[in-house]
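As written, the chains take the letters A, B, C and D, and residue 1 is the first residue of each chain.
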Amino acid sequence: MGRKLNKNKIINDPVLGFISLPYESLYDLLQHPYIQRLTRIKQLGLSLLVYPGNTHTRFIHSLGAMHLTAEALRQLKDKGNDITDEEAEATLQAILLHDIGHGPFSHALENIIVEKLQHEEITLIMMNKINKEYGGMLDLAIKIFKNEYHKKYFHQLISSQLDMDRLDYLIRDSFFSGVREGSIGAERIIKMLNVKDDKLVIEAKGIYSAENFLIARRLMYWQVYLHKTTVSAEHMLKSILIRAKELSLSGKKLYASTALQYFISNRISGETFRNSQEALEKFSFLDDSDVISARKEWSQCDDKILSYLCKSLINRRLFKVKTGETENEFDAFCDEIKKKYKALGYSDDEIEYLYSCGEVKSRTYDPSNDKIQIIEKDGNTTEISDASDLLNTNTVTRKTSKYYLCYAQVFEENIEAN
Amino acid sequence: MGRKLNKNKIINDPVLGFISLPYESLYDLLQHPYIQRLTRIKQLGLSLLVYPGNTHTRFIHSLGAMHLTAEALRQLKDKGNDITDEEAEATLQAILLHDIGHGPFSHALENIIVEKLQHEEITLIMMNKINKEYGGMLDLAIKIFKNEYHKKYFHQLISSQLDMDRLDYLIRDSFFSGVREGSIGAERIIKMLNVKDDKLVIEAKGIYSAENFLIARRLMYWQVYLHKTTVSAEHMLKSILIRAKELSLSGKKLYASTALQYFISNRISGETFRNSQEALEKFSFLDDSDVISARKEWSQCDDKILSYLCKSLINRRLFKVKTGETENEFDAFCDEIKKKYKALGYSDDEIEYLYSCGEVKSRTYDPSNDKIQIIEKDGNTTEISDASDLLNTNTVTRKTSKYYLCYAQVFEENIEAN
Amino acid sequence: MGRKLNKNKIINDPVLGFISLPYESLYDLLQHPYIQRLTRIKQLGLSLLVYPGNTHTRFIHSLGAMHLTAEALRQLKDKGNDITDEEAEATLQAILLHDIGHGPFSHALENIIVEKLQHEEITLIMMNKINKEYGGMLDLAIKIFKNEYHKKYFHQLISSQLDMDRLDYLIRDSFFSGVREGSIGAERIIKMLNVKDDKLVIEAKGIYSAENFLIARRLMYWQVYLHKTTVSAEHMLKSILIRAKELSLSGKKLYASTALQYFISNRISGETFRNSQEALEKFSFLDDSDVISARKEWSQCDDKILSYLCKSLINRRLFKVKTGETENEFDAFCDEIKKKYKALGYSDDEIEYLYSCGEVKSRTYDPSNDKIQIIEKDGNTTEISDASDLLNTNTVTRKTSKYYLCYAQVFEENIEAN
Amino acid sequence: MGRKLNKNKIINDPVLGFISLPYESLYDLLQHPYIQRLTRIKQLGLSLLVYPGNTHTRFIHSLGAMHLTAEALRQLKDKGNDITDEEAEATLQAILLHDIGHGPFSHALENIIVEKLQHEEITLIMMNKINKEYGGMLDLAIKIFKNEYHKKYFHQLISSQLDMDRLDYLIRDSFFSGVREGSIGAERIIKMLNVKDDKLVIEAKGIYSAENFLIARRLMYWQVYLHKTTVSAEHMLKSILIRAKELSLSGKKLYASTALQYFISNRISGETFRNSQEALEKFSFLDDSDVISARKEWSQCDDKILSYLCKSLINRRLFKVKTGETENEFDAFCDEIKKKYKALGYSDDEIEYLYSCGEVKSRTYDPSNDKIQIIEKDGNTTEISDASDLLNTNTVTRKTSKYYLCYAQVFEENIEAN
């Protein structure tokens, strides 16, 4: 009988099937508290209020992205590209850890919990911490993550306009939300990858798959990620945290877990975060549950704005949303709302929490950024927006904005639909 | 253009497709805090430690079970059974609400948070509460739920050995865990349903589907629900709550949300619960987040048992598990363990938290209970275990037990596999 | 027990699930030889040489299109549009029969077997025949099929740029070919349908689904329908039939089934077909098997061109294909090929069978044709290419062409890839 | 850029995803006329009359079985079993070719076209033929196919009670028929495979998957393969061939392709087949199309039995079926039928074609045959029916029979359901 080489490392993923961990170090990382924490942070935050299947976590996404990266590396190797075991292992380490810097509710609370600090930088800080614990095990992974390695394509697999992160989240979010038309053929795209001059390229016959990926991403943006009801709920959650922080900073004692307490009672900037062990330690303790649990407590507190916001969000009496095409079209309506609230006795300061105008935007493909290159049979490369007639228009490459107004509905019934 | 009859009530379910709410009252119920709370209670608790896709909630399960029930009712109607709109609406109300009595982590903490009270009874208490709020809107639903309505098949759709609850959870848990072989043909079973003498029957040609359902359920029990790693994690969670409660009752002040605090600082029995508005109110505030958040705080507390258990569970250093076929096979090993712990300085009382022997059991089909009846073309009915050669054995109808021992691994590495 | 209302009419479709036949007349039609014949005509002809799963038939596609139409009608009715049972039944009859005029290998041999006659007209001739047999049962169905009924939307469901025919074939062809990224959310599109001024409209929030449908169709065209290997194989099959007909008309006796014999020994024009019972009768006997079986016999015949073409196609030694962007880019290469063949001893007439230049084209959306209308909440309608920024470009609305050259490879190995 | 190692060998399979051909020789075999012929032989013959999606071919099944075998070999290698490239290649060759000996409509016409010769033996004859053409390339493959190689597990992967052939056809037939509950977790079973003493074993924790496989197979037998309508249609097809052969042998000239003509005008025994190049050559030209095309011609011939049978089958007016539990229960009914036919003027000889009694049987698992062995962690093996409580009964291991009577319905309408 065959001897088992090592630990049994197969994980069931409903989206991609069985996921293996090809290197021991990946198994060790998977057990690390920083990545176990991602089992408690949902990938799409409040999206489950619209798409109730969207309860999947950043943990399973990270596993999936790692799995697709492993397949891509195998593909590139089979095509004759020289990839050492060290490079492969480091790339997989980096993608497995790429999201550890996310906080509770990910993007929705980014820059509110820790001010002016993107999750990518937090990821890097945390990777460095792990690296120290493991005596430099992540040296190469960090180099690749920071795009300081000379073979640029490893970084591109982790972070670019057609990286394994995006491939996984599109398939996964489409799967869990039940929006089947967002599904893409990741397997086909991966089969089409190759390397030229140390950069990723897509073989010419894969152009329809690449187009399809960009269009599916566009659909998912408007249909799921920027769904107006989710936008409204996320706005409410942001307001809740901002209000709680405002109250705490002004001395009011609010219920919160130790970790959350730390971030609402102090104004933690990127500067502080980078230099404070305490901030990092507290942050690594935070997850969705702290916010969800606090939200319920705060719904009973005596600040009428905070309790109103919390109660409304918990019981899904969401702010009503209007969407529009131009920036100022809600001006008149806003004035009316403010008057109405004023008449109800709210102060100017309070009213700021009861409505919000904003912009959501999405860009299908940004050719000014890291380019997607198509390689012809003769070895020449063309940028995808030149090679594709579909993408060869500023529609797809320019940012598209929608404007929205969301406002508390004190009397009105909230009616919801996808 | 056609006028829309009413509110747009379509919900995306990744498992069953679009779910509609055929009656206005269902939409109202969906907005009720009691059912919104189920968006914060996972269907399978800690199973995500083994199957990371298992993050789906009791909320989406309730929607799914309602959807299958609606299809079953339509099927029965198409076959000429007389079903009034009132009966259909009440049945859908009842199934939509059938799980509202679940607490955080569902079965794992049942009888620990509220002592000696099954979730079904809590459901009923909560249904009565809602019914009062809505002026008797649920009168018939409650009658059906309690099996006091003369047409027994409505109750059977909600609760029997082949009910829509089980159909939904099998499909759903199979879907999210990625254990594809647990999938069943719910649509086919539903097409085979009919009614005889006010009871559900399955048409004879549906017997293979019914068998398949029972065997798939058996597989899911051993492969997913009673997976030894999940059993171990659930045991740890139970111990955590029991320890926290022990400490709280003895006067120690532990961090907890107001609602959770109530249940660990008081011994709430079924008796109390039935008579106390406060208990119900607190309970309806509890969800998974309170436990998850508290677990983290307690991992930092000064009770070494509680902090050890919490730390271990959070960072997935789970108790090691041995499984066996007979009740006493671990006796010698247990003695050894206890000695070892004692040598490490733990007291007898503490040691009780560091290991556990137990039994898990599952029964594929219980003919002594509510029977599954097969109807032949001639109108005669036979009990399924008589009609099916596969099920006609005590293997399937007797309870199967496995015995397990799980114990803290102070030094050993935890190795995991599905 | 409920009495079964009528015949059990449930059919398993791997793509759409269970399909029911809501009217008795549909069941009768399903048994008619004209539609049973579609069980022997593949939907995608020779595509299986590239995508081996593509063996599905026009029969199952017709069932699927009928099923989607039934769902669309239910949806429109639920939105308050007045649809009588007669109208619904007729629309379902028409869609069920919409493809009966297809001959063996569908589009590939269209205009070769019967000259200058589109399959739509043959469908109509056959529908009239059935209608006579059934004493006028299809009167309304035919009116709708011919777009002579005042409520235009019934016809639009059967034939327009967003009809149930296209919805079904896209989902189905994507499913069987395994090109997952061609999948669309038919259910979502159907939910978004409504009627204004007797015409189909799509509700504004369905615009992303409609875009996705058009883009997925574009992908399927280039990835599957017009795959260069399929184009090559279809060209060979055409040449085989043309050669066989040429030989037969010049007096050579070739093996063929009686029905196929009729069409290769006579030049049957649309004119003849419309007036000849014999032509119709022979045609209704033809299916893929006649051509596949004859092809094998002809591979042994003494005409070297015909036998060469047949042998090559049967054993998958397909013509080599070059694709290009401009019409004349193969001119020089063609001259070379011709010289080469000439040197091998082929006559000018024979050489015509050994290579071919041609054009394949696809248009994503044609606004000059039957328009897709988007309806805003205020009831105003806009044409989709005005409403959608993605489609608002001539890329999507103009025809895209590719040019190809395929030629016999006498010595070269044929290498294949998707 | 990485150089492509060799031919692009990726095939889209809707069931298993992308299929690669890991060895050049497999690509060559795929182009061989003997295996290309399988693109024209359906896996499930007439099953499409009940499950219209069942049009998949033996070709795609062979590819799928090869793919699963490749995965199993990789798995076994990863577990430390010593497998040379030669062994792997030969095993894949053997599984790819395992079905080339099937004739038109596979099992239905086995022993009728060639008398007393199983398709396995024909496969072997054809493999030897290819082997000669390729100068011994298949020497090892043939040894493995014949179970003459000392490492028995390679043969077991191709042919045993849990081989890759069965795994593929179960998944595939379930997929195309739309009977989802027949789906199994092939990936999980494959992960559980190992080798002990040169034989395949399943790791103990895979026992539920193995049970599930056996039970799913049982379901597919009764729900799909032995569906009474398919049984009836296959009986008709057999009768057609037997009648045509009877007529041809007695000197009547019937239309048929050259290859089919050979087999109906001569009584080709196994003996003849083994020794005649002509028989093999003709056989390798036969596929479904010859029978389908002939069937139509014969429906117009002047033998009233043959034309009646053909007409009925083509237009789906199938023999009516009764099923029963005991062998003789139809005796009285048979007598009645015979009298009725006699009264209608049929001769005794003719009447034999108008009805049939028979038995269909299926055995879930046969422990007397090649055993499925379960291996415990301690390395001990147990036969599965001892290890599994579910299978530990004679229900599963004994043959189950059903008896049927099918008979021509001259006046009655045929009503169909799954």
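Keep in mind that, in the parts below, a residue touches a chain if its C-beta (ideal position, glycine included) is under 8 Å from a C-beta of that chain, and two chains touch if they have at least 3 such contacts.
This is a predicted model, so every value here is computed, not measured.
Student: Considering C-D alongside B-D, which chain pair is linked by more C-beta pairs in contact?
Tutor: Higher contact count goes to C-D.
Student: What chain lies farthest away from subunit D once each centre is taken as the mean of the Cα atoms?
Tutor: A
Student: Mind checking the centre-to-centre distance between subunit B and subunit C? Centres are C-alpha means, answer in whole Å.
Tutor: Here subunit B and subunit C have centroids separated by 49 Å.
Student: Please report how many Å separate the Cα centroid of subunit C from that of subunit D, as a whole number.
Tutor: Centre-to-centre distance between subunit C and subunit D: 31 Å.
Student: Calculate how many whole Å lie between the centre of subunit B and the centre of subunit D, each centre taken as the average of the chain's C-alpha atoms.
Tutor: Each chain's C-alpha centroid was found; their separation is 43 Å.
Student: Could you check subunit C for residues that touch two or more other chains and list them?
Tutor: 10, 17, 179, 188, 417
Student: Quick check: in the complex, which residue numbers of subunit B touch subunit C?
Tutor: The contact residues of subunit B facing subunit C are 1-5, 10, 17-18, 76-81, 187-188, 191, 194-196, 201, 375, 379.
Student: Using the touch definition from the top, list the residues of subunit B that touch subunit D in their complex.
Tutor: 179-181, 183-185, 188, 205, 208-209, 211-213, 215-216, 218-219, 222-223, 389-390, 392-393, 395-396, 400, 417
Student: Going by the contact rule set out above, which residues of subunit B touch subunit A in the complex?
Tutor: Spelled out, the residues of subunit B in touch with subunit A are 7-15, 17, 31, 33, 36, 39-40, 42, 48-49, 51-53, 55-57, 59-60, 63, 175-179, 255, 257-259, 285, 287-290, 292-293, 296-297, 300, 314-317, 414-418.
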